[in-house]
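Below: a set of structures, written as structure tokens.
The two complexes that follow have subunit A in common; it is paired with subunit B in the first and with subunit C in the second.
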Partner chain A sequence: MSATAPRSGLFGWLDERYGISPLIEFLRHKEVPIGAHPMVWYYLGGMTLFFFVVQIITGVLLLMYYQPGEATSYESIRYIATKVPFGWLIRAIHCWSAHLMIMSLVVHMFSTMLLKAYRPPRELTWLTGFGLFGIALGFGFSGYLLPWNELSYFATAVGTDSVKSVPVIGHWLLLVMRGGEDVSINTLYRFFAGHVVILPLICAGLISVHLLVIQRQGMAPPIHGETARGMPFFPNFALRDLLLWLVCLTTLAMLAVLLPYGPGLPGMEWELGSKANPLAPAYPGIKPEWYFLWIYQLLKEFPAHLLGMEGPEVCLLVVSLLMGVWAVIPWLDRTAQRGRHSPGFTDLGFAVIYFLTFLTLKAADLGVAETPTNDAETAVVATFCAYITLGVAVVATLTRVLVYHHRWFVLSAAALAHIALHGLLGWSYLTVGAVVAVVTAVVLVASGQLRTGAEAGVES
Partner chain B sequence: MRTRQLLMAILAASILISSSWSQAETTDSEQPFTAPEGLQKLLSSVDDKGAAVIGEEGKAYFEGLPSHAKRLFGEAVANEYIGAATQLRDLLSLELNTSKLEAVLTNNCLLCHSNPAYQDSPTLFSLDPAAVKSPPYMDLKLLLNDVHMRHKLACAGCHGGDPTGNMAHEHPAEWPADHDERVADPKWVPQFCGRCHSDTKLMGQFNPSLPTDQLDKYKSSHHGRALLEGRNPRAAQCVSCHGVHGIQAANSPASSVYSKRIPATCGKCHGDPKVMAGVKVRDGSPIPTDQYEQYKTSVHGKALLERGDVGAPACNDCHGNHAAAPAEVSSVAQICRTCHARNGALFDGSRHKESFEENGWPECERCHGNHAISKTSDAMLETSKGSLCADCHDKYAGEKAATCKATAAHFHDTIVGMAEATVDFKEITLDLAERGLDIEPIDDERRNLDDALKQSRSQIHSFDRSDFDEVAKPGIETMDKMESLVEAAEQDYGQRRNGLLVAAGILALLSLTLWLKIRAMERDQRKS
Partner chain C sequence: MESSTDAAKHTRRSFLDLVLGIGATGWLASVLYPVIRYLTPLPSAGPSGPVKLSADQVKTLDKERFVIVPVQGKRILVFQDPAQNVRALDARCTHEGCTVQFVPGESVIWCACHNGRFDLDGRVLSGPPPRPLSQYLARQDAEGGVTVTPQTA
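Moving on, here comes the complex of A and B:
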């Protein structure tokens, strides 16, 4: 069908007024690149979007019964979970979908990073995606408090407390977040407003831009441009997306029915429990959701005072710095900008994965039955988590060497040395981290590896 | 104008006077203290190995004291009341507040009796009496925390003499002159303590809520009669329970008569066969000495000693304290009723009341025991040989035994049924909750069942089947209700699972169709 050929009927009527034909033509010719890497990485964005749509639908359904308030928040969630027909299912799906959405988002982000899909001209896609990641964490944090139960109350108190360590504006930020000095029903009101109005509005804007630029530019081809073939986006890729969504929906339904309160893993359970009581003492072992565990653990690794500042202040500065570097990677990776492999940044991606894995596992207190109460138990946790992380790293490294022929491992080796020295030899996490960072920097500069890692090396 | 000038003059004069006053005060308090030679020597003393006797902490405490307290130390050393570096070290290590320190440093009795240069054991106070071979009551720390010391009744209050003057003095008239006689037969002690403790007016100055009838009660007690009538000089008197130096108020956890410590205090004598030698109970047999051991295993003992429940009865709650006596058969039931009122009332209206009285049995003790009262068990109601109800009825109920045992069996079966249901339903509700089902109605009913079970267990004391059934009926109805609620929850879960199966089946079918469609489509595309 020609783009200019007149059409009759409803389509013709619409086309005449809104010019739909060029859009159809665009979609008809849009292709998804088929290249050296598996196509699975192209589906993760769509999967995240699917979970987000599920969140909107279940969120709106929950909103029909949820009543924010000191005497109603907990009660209405309890009512939803016990009395409303299928209320339990909607709540379970909402919770499961939230976690799965963040999981697919994290994998999506790392696959984008490792495949260098952020390289020009897709910097804006990376930036909006990074913004969406932040928004997703915001959704998780704000939604967590809404049931107004004991666990969410104290976890929010701990979570918001760390905000006060932000230099200069920390206390002000704490007041803004809490609506007062302490977590109160005012906090819940603003978290509720954030969860159902403010964040969705920002999210809608960012998703629109993110999707628009993806549609306009197409999906990033594998580096070196060795792709000669392409799969039609419509209908081939769209139908495959739909198939994946059906699988996701089936998985979601099974998880929600069989494990309605989550898998019971640290930071991944949502049993309602008792109503929040601000006067009750906080019980030990309160932990945030799994995607915040690494920051939670990093804060614990910092001493009370460091470099003339409060320990948590320094920690948040470091986290902000890391986040900032992560956000501007498209501009830092100059090799990828020129369409060449940048093994240094690939290795950075793996180093970050090991760093986050170890901290998350350690925060979950793996290796001991209950929350450690003394240094010996903490050391057991560190050792156990170090072994797991190192085990994962060995498998990952072998795969990189044998399958992808990677040859540059300086940063991931530094991250693993850090974990091994801390976890296996019991050295201070922070001290050994600083030493490893300095030694790595010196080695890189002295051997000219900085340039080599960024620009040279061959990867397939 | 003149008034104004007058006011100005008064103001100026006031300022002058107050400034000179404060100047004088400041001068006095801030005047640097220079330790006299004797004190300086003690402060810098070294032991045989050359190590300082008074450590840095002691010296720092001394340096932090106000000048007048330091001067008191200096005077005590100059007057030789403090005569050894170890004595000074002990006094400093107590880290007393200034007012208490002043009281100690102006008490010549105490200083002299803690001075190893002047005193030998057993009259030497020390922080470690065992080390200097003094009796345990010569513990300096205990003495300074004594309730009497805190109320300014110091050594002279009991021992006589003048703490600020000459050390030579006579003991009070109530004290037997000879030390050995005083210790061997302490029958003078109650009267001596009663000198103050029976004086309502005097005691009212310190603690108006403290009773003043202890001496009268003591005289009527078994302890009092045995001691005062000269039958047993080992019988407990004031000092035996309250101690000598280091006496604490009874509500202080440090007191030997604090509720949690009473069993051990009583057990100290009553668990010692040597102390109890020759003491007989009413029937003439020797008094047992295993009460404390039995009590520790009892439900009351565990509550008090293990769980720290100070509401649980100790020895004195049943036997009295100052008027301590073995409980009479007639009074045992009344003692138990002070806490277990409902069970007592039910028993009073039961058919057992009469037969217990006829046989002269103490009511509660007959079934539950005394010092070793164990947690009641539903097995007590069993009808097999060896169980409480069955054995007693076999022995005493004669031809009614079969009916009585049938009633006991009915109680047993009903109660055990409810008890088992409570446990079973708890597990079931946990399981249902884990599966995300609404357990609120079942939990509510479980609480009702708990209440009914407690009421039914108590109602046994009426020993009446119809009364019991009336109380147990709500429990049995609750069990039926819970069963139907659990059944409904299981059905709900079944529907959820079936719903999931259907939904998953439809979704799987859709997925399969879609997959086939994609394959067919791509095959066509490749062909074309």
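Moving on, here comes the complex of A and C:
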């Protein structure tokens, strides 16, 4: 259709007034590159967006009954889950979709990282995406407290406590987050405001920028531009997106009906349990949601004091450093900037995946029946989780070698050596980490590969 | 103003920029200051003197050998040591802030979150807590009533 041809109906009416046909024209010409990577990576962003929309709809529905307050938070959610017709379903979908959204977001982030879609001119896409990742974690953290049950109370007490390690303004930040010295109903009021107003607004803004820059620039072509082929975004790709969303919705509905309180995995269940009681002592087995487990485990690996600082402070410094490096990857990866393959960064992606996998599994206490209370049981967990991580790594490495012809493995080898020495030989996580980091740095410098491997210390 | 040189124009320009900058900063500060103050919670009110435990709290203390009571916005662990003395410690673990408990069988203070252990004076025995728990004054009178004083002992 040409922009000037008169049209009848609603489209014509709108087009005459607002000139919308160039928009359709634009979407028709926009193409999604095909042939180079499996197409699946291009759908993950749209899938994340879908789950976010589900969150808004179910969140607003929950708001119709939810009442924040000492005497009402827990009670109103119990009311939603037991009395309100289909209340259990709305709550189950909100919870399931929250977890699935973060899963698809994490996979989306790692796939764009491994495909180097962050390279110029798409630095802003990466940065806004990283910001959205932070916002999603904030949604999960603040939503977790809203039912005001025992588990969420302690998880929030531990989680908010870590901000005290921020230099200079740490204590003030803690007070502002908690609305007082301790986690109390004031904390819930603040988290509630954050969860239903502040975060959704920031998120909508970031999503707009993220999508706008993507629409302006199109999808990143593969490095070397092996493909000349493309698929029109509209209607071909958009229809595929739509089909996927239907599949997601159906999956979501099935999960919510079959497992309304979650799969019961560590950090992935939302049984209401008993009401929060700030004056009850903590009990063993308190865990945050699964996407925080790695930080939770890292905090445990640090001793009370290290390098003249308190353990948790050093740990949060390390986590901030890792996050910082992750955020500025588009500027660190000089090779991809010049449009060439950067095997060092591909390998960094895998090293980070192994690092996170091991810590997450270990935090979930896999391999023992109950929460370990002594060093021997902790060692059993470490060994078991090391075997799983190494198994995953063997499969991944074989695929990389045979299918993708990767040849550079220094960083992922370092990450795996760290896990093996700690898990299988029982050496201290931190000591091995430091040793492996130094050895890796020496190897990289000696082999003159520091340019591709400048991030050697990152993993440990 | 044909008479003014480029240099004079330049200084006038940078002077105006400076004034504008100061104005903008002042404006921003006057907007942010009330917001920051608004978000900073007031110190929790409440009696600053000794706090007497309620009958229920004393009953729990007798039954469980310990009870956690709120004193001036803090959680205080009140417990009976093996010599039947009533004592008080800060109930907030110095590691990540979980609530500790008294384990009568082992005569230790235990934090379940990361397995931190303290002795009855609040000193760290094992686990990740970096600092001891603060001690508070607790007194039991002849009728069995218990008072906690929110000053560290």
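FYI, the second predicted complex is superposed on the first by the 443 of 460 C-alpha atoms of A that agree within 3 Å, B and C clash if a C-alpha of one lies under 4 Å from a C-alpha of the other, contacts with A are read in each partner's own complex, and residues count from 1 in each chain.
Following the convention adopted for this analysis, a residue touches a chain if its C-beta (ideal position, glycine included) is under 8 Å from a C-beta of that chain, and two chains touch if they have at least 3 such contacts.
Please read all numbers here as calculations on a predicted model, not as lab measurements.
Undergrad: Label the relationship between subunit B and subunit C on subunit A in the superposed model as either fit or clash.
TA: fit
Undergrad: Identify the partner contact of A:20: answer first if only subunit B is touched, second if only subunit C is, both if each is, neither if none is.
TA: In the superposed model, A:20 contacts neither subunit B nor subunit C.
Undergrad: Looking at the overlay, does A:300 come into contact with subunit B only (first), subunit C only (second), both, or neither?
TA: second
Undergrad: With both complexes superposed on chain A, which partner does A:392 reach: first (subunit B), second (subunit C), both or neither?
TA: Neither: A:392 stays clear of subunit B and subunit C.
Undergrad: Given the touch rule stated above, what does A:254 touch, subunit B (first), subunit C (second), both, or neither?
TA: Once the two structures are laid over each other on A, A:254 reaches subunit B alone.
Undergrad: In the three-chain superposition, say which chain, subunit B or subunit C, touches more residues of subunit A.
TA: When the residues of subunit A touched by each partner are counted, C comes out ahead.
Undergrad: Given the touch rule stated above, what does A:268 touch, subunit B (first), subunit C (second), both, or neither?
TA: Neither partner.
Undergrad: How many Å separate the nearest C-alpha atoms of subunit B and subunit C in the overlaid structures?
TA: In this superposition, no C-alpha atom of subunit B lies closer than 10 Å to one of subunit C.
Undergrad: For subunit A, which residues lie in the overlap of the subunit B contacts and the subunit C contacts?
TA: Looking at subunit A, the two contact sets are disjoint.
Undergrad: Mind pulling up the subunit C residues that touch subunit A in the complex?
TA: Its residues touching subunit A are 39-41, 44, 68-70, 73-75, 91-93, 95-101, 111-115, 124, 127-130.
Undergrad: Considering the complex alone, what residue numbers of subunit B touch subunit A?
TA: 434-436, 438, 440, 496-497, 499-500, 503-504, 507-508, 510-511, 514-515, 517-518, 521-522, 525
Undergrad: Would you mind writing out the residues of subunit A in touch with subunit C in their complex?
TA: The contact residues of subunit A facing subunit C are 154, 157-158, 160-162, 172, 175-176, 178-182, 186, 278-284, 286, 299-300, 302-305, 310-312, 373.
Undergrad: In the complex of these two chains, what residues of subunit A are touching subunit B?
TA: 81-83, 88-89, 92, 232, 235-236, 239-240, 242-243, 246-247, 249-250, 253-254, 257-258, 260-261
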